[in-house]
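Order of writing sets the chain letters: A, B and C. Residues in each chain are counted from 1.
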Amino acid sequence: MTTADTTRPAPRARRLRRPKGLTAHLVLMTAVVLSVFPFVWTIVMATNTTQDIYKSPPKFTFGSHLLENIRHVLNTIDFFGSMLNTVVVASVTTVLVLFVDSLAAFTFAKFDFPGRKLLFGTLLLFMMLPLQLAILPQFILMSKIGWVGTLQALVPPALANAFGIFWLRQYIENGVPDELLDAARIDGAGFFRQYWNIALPMIRPALSFLAIYAFVGAWNDYVWPLVVLTDPDHVTLQVELAQLNVGHTTDYSMVMAGVLMAALPLVLVFAVFARGFIAGATEGAVQGT
Amino acid sequence: MDLSRRGFLQAAALTAAASGLTVACGGSGSGGTKNGKNLTLWYWGGALSDKVVAEAKTHFGSAVTLTAASIGGDFKQKLTTTLAAGSSVPDITGIKGEDMASFLPNASRFLDLNDLGFKKISAQYLGWKAKLAQTGDGKQIGFPIDIGPTALFYREDLFAKAGVATDPDKVAALVRTWDDYFTLGTELQRKNPGTYLVNNISAVFNIAVGQGTQRFIDKNNHFIGDQDHIRGAWTTAVRPYTLGIDAKINDNSWNAAIGKNLLTELGAAWHALDIEQAAPHTKGKWRVCANPAGPSNQGGSYLALPKQCRNPEEAFKIISWILSPANDARGFTDAAIFPAAPAAYTMPAMTGPDAFFGGQKVIEVFGPAAKAIPDSYEAPADAAVMAPYMTELTNIEAKGKKPDDAWHDAVSQAKQIARRQGVN
Amino acid sequence: MTSPPVTGPAAVPGHRGGPGPARFRPRRATPAGTTARPRRRGPLSYWRQYLAISPFYLIFAAFSFFPVFYSLYLAFQRWDGLGTMQFVGLQQFRFLWDDPVFWLSIRNTLVIWVLSTVPTLFGALMLATLLHSVRRFKGFYRIALYLPNVTSIVAVAIFFGAVFSNNFGLVNAILGTVGISPVPWLSNPWLIKLVIALLMTWMWTGYNMIIYLAGLQAIPASIYEAAKMDGAGPVRTFFRITVPIMRPIILFTVIISTINGLQSFSEPQVLFASNAANANLGGPGQAGLTTLLYFYQSAFLNNDYGYGAAIVWAFFLLIIVLVAVNWRITQRGRKP
């Protein structure tokens, strides 16, 4: 807001863009540096040896041990196999979360039906309960249906997260005008068509964000996969990565190389989905759908 | 649009999403075959020698198929959850030494190894270690893998600089009691300004408690954490703090400090690797000698057979093979696992000189220490009850809390936890 | 379907169309609650709606309801996770009441929550506004600022631990060059909380910024044009237009941050996990022991599942009170 102040005494200077833009970029760049710094440091750690990491002060320059560390990772764990598992689980989870949550959110946002408030209130309430304690009953449930040790056991608990519904309802409620749905109804569109053809395309930015949220969540999930994946040949990346970090001594540079390799796909996914925001309302308003 | 198609779409979409549940209900919950040909082994990285495990697979390959899973992260949580649910339970599992006491009340979840022949070979393993995995009525749950006999690691170069004897035997004689050790510490610090004798006082307390035969709860399930043996350990632990020879390291800076300003380090045999890894540049400058006032034990694990084990006889054969003295000794070379079988201590794998310790044969220190560790009783709630003492010792270091106040708070906290855990 | 989204997620109320057909729910037309209107249809006629929310609720019932009530049941038992349960009535809650560590953990959690949520949300809103205003490098900023949220918490904790290390940390090294003596970041109770809060702020600012950005992008540019015509400066525009329109989104993030912030757990856990000699969690003086971390210690480390469940439920009640108060305050500001 301090940035905005400086531009104030220029009421009608053509566009005001230049000075304001400059300060904005300065602030944003500072934030970027702060944000990226630990990430860069992860790379620094991954390219050095563990001893370099614990030097005082720590070494902050890139080293030449990256390939060696990566080789260590690949020799110690089944990196690509577990990564494939994770990709499958995270993708399936994301698609299901998007569908299930948007459908429910659309219903909550645009329709009234008996019990709506109660059902939605329950969601909110249960979001506040930490689910760590749920691991045991969830495991028992999974063993009852015979899913222990299988990858599909990871999906339902991730779907039971109410955040997506909460978030999408917030967006749909005001982002999808009632008039449009009215018009569609008059045109003969039923419930599902209203959802699929009208609501969904309009909430694409919100969906992109939820997709990232769900994907990152599934990708980084650790405790539940650790417990439920009893078959060593079917584990996810995070469980496999934890193998690097055991024993009395930890080879941190190797761990960081693993962490880095595991995070890169996420950054990629984010870069792809982040485009969804550009297709959002600002530009969309000009182009139409 | 036509109603039917709309309805179909809705239904199809919803079934697709919910199908998992419906299909699942029909699934079977069977835990696998019962022919006993497939055995799974759960351990964690560094618990066993991976090479020995791999050989066990081929060695027993004709009888059973052994699948070994090295599990990262919170091993105890995973084991507890699967045992509680009773499905996908491993046939053989590792149990960490510090968790053993808490599994003993549920001994019925495991097979009694004495029934399978442990009694006959138990003399090969350290009695005090085996006893810690035994219930009151003599059921043997755990087969000892390794132990963590403690000793005093010291910087030979800094000792020499201070004009103090550097030979392990001579140093051991100099630090026969805790008081001797601390007195030596003040002298060393005077000659090596900016250095400290101990890393933190919780470590001292931990070892001092382990030197006794009693801990915080006695065999009658009474809280004894306010008695003289604990008070004594506490007083010992506070000494280096009052003498100013405590480095008060309670954060992650140990790694940076170890090669720098720590004169000595108290720790178990496996701790040597930590030091080596954190401070490789100090290679050759360290020596090991007997722990002041006698050894104690830190860590060391077991193998156990859960009740669900699909082939107990074969599984017991496998673990007694993996943990035979000869293979146990290889664990020391491969993974710095200090064997629980004394016969291993004379094997070539363990008697060689260690370059990190200037060519010292460290087994000469750890071997006798392993045998001298006292029999002690560790109650299931012991670790939980001990926690407040550690917290309060840290409070002394971090906040300058008065040691007497800290003691009182620790005891009242410990009593409360004890009551919660059903100790009277 | 060519109509563009003219209203954003937080559209200015007052220019929405008239009430829709019966089944349709015109939100503002029923301020007194739906029961006031004569109901023309029975619950069964809403089968589409129920069907639409059923996939979620089926899974939700199995994987949230059931475990949660199971844990409520546990709070009245003594149980080590494997043996037989023993009903102990309200004993666990009585223990809780007398347990200074529990209250310490509550204090820690609240302090860490305030120290992290306020700068996170404020910073996120500021960054989102700035990011919305610039034209170039938008994609780059968005990705760079969101990076912390995908970075492994383990890597972050090691990083923060190294940077703030008392004796050998970078921060103290820098302070040393300007003559400031070393600050005990990781042993002073307040500084420990500050470091944890910083870590959380770092991790979650970009995430909230993205949420705000989504909201900002949905505000029609015409509103800003109009404001500019009226001669409103950027600060005025921000407080008079952006903030009110964004209010529902801000409320949303406040609630989500409250829920997440109060459930902080892995941050202090990994930050102080390297202290192998000390079995305690939460660092020196347990200054970083949050309530959830205490729950974890009680249930999974001390095998006291009943007590762990009691901690979680007592804490749950506390969060509800906090969220209710939060909601009240934010809603009140809406009236005028």
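As a convention for this text, contacts are C-beta pairs under 8 Å (C-beta built on N, C-alpha and C of every residue); 3 or more make two chains touch, one makes a residue touch a chain.
Treat the numbers as computed from the prediction; the structure is a model and nothing was measured.
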Original post:
Across the interfaces A-C and A-B, which one involves more C-beta pairs in contact?
Top reply: A-C
Subject >> Farthest-lying chain, centroid of Cα atoms versus that of chain A >> reply: B
**OP:** Let me have the rounded angstrom distance from the C-alpha centre of chain A over to the C-alpha centre of chain B, please.
**Re:** 37
Original post:
Just curious, how far off is chain C from chain A if you go by their C-alpha centres, in Å?
Top reply: 15
Subject >> Residue list for chain B, restricted to those that touch at least two other chains >> reply: 10, 17, 21, 74, 77, 84, 253, 256
Original post:
Which positions in chain A touch two or more other chains at once?
Top reply: 54, 56, 100, 103, 135-136, 156, 190-192, 245
Original post:
Mind pulling the chain C residues that touch 2 or more other chains?
Top reply: 48, 52, 55, 59, 62, 81, 158, 162, 165, 167-169
**OP:** Spell out the residues on chain A that touch chain B in their complex, using ranges where they run on.
**Re:** 50-51, 54-56, 96, 99-100, 103, 135-136, 139-140, 143-149, 152, 155-156, 188-193, 196, 222-223, 226-227, 230-232, 239-249, 251
Subject >> Contact set on chain A toward chain C in their complex >> reply: 1, 3-5, 7-8, 11, 17, 20-21, 24-25, 27-28, 31-32, 34-36, 38-39, 41-42, 45, 53-54, 56-58, 60, 100-101, 103-104, 106-108, 110-115, 119, 123-138, 141, 156-157, 159-160, 162-163, 165-167, 170-171, 173-185, 190-192, 195, 197-198, 201-202, 205-206, 209, 212, 216, 220, 245, 252, 255-256, 259, 262-263, 266-267, 270-271, 274-275, 277-278, 280-282, 284-289
Original post:
Where on chain B is chain A touching in the complex?
Top reply: 1, 3, 6, 9-10, 13, 17, 20-21, 24-25, 27-30, 44-46, 67-74, 77-78, 81-82, 84-88, 90, 253, 255-256, 260, 270-271, 273-274, 276-278, 280-281, 335-336
**OP:** Would you mind writing out the residues of chain C in touch with chain A in their complex?
**Re:** 1-11, 16-17, 20-21, 23-27, 30, 34, 43, 46, 48-50, 52-53, 55-57, 59-60, 62-68, 70-71, 74, 81, 123, 126-127, 130-131, 133-156, 158-160, 162-163, 165, 167-170, 173, 202, 205-206, 210-211, 213-214, 217-221, 231, 233-235, 238, 248-249, 252, 255-256, 259, 262-263, 265, 292, 295-296, 299, 305, 308-309, 312, 315-316, 319-320, 323
Subject >> Contacting residues of chain B [partner chain C, same complex] >> reply: 10, 14, 17-18, 21, 74, 76-77, 80, 83-84, 102-103, 105-106, 109, 199-200, 202-203, 206, 248-254, 256-257, 380-381, 383-384, 386-387, 390-391, 394-395, 397-399, 413, 416-417, 419-422
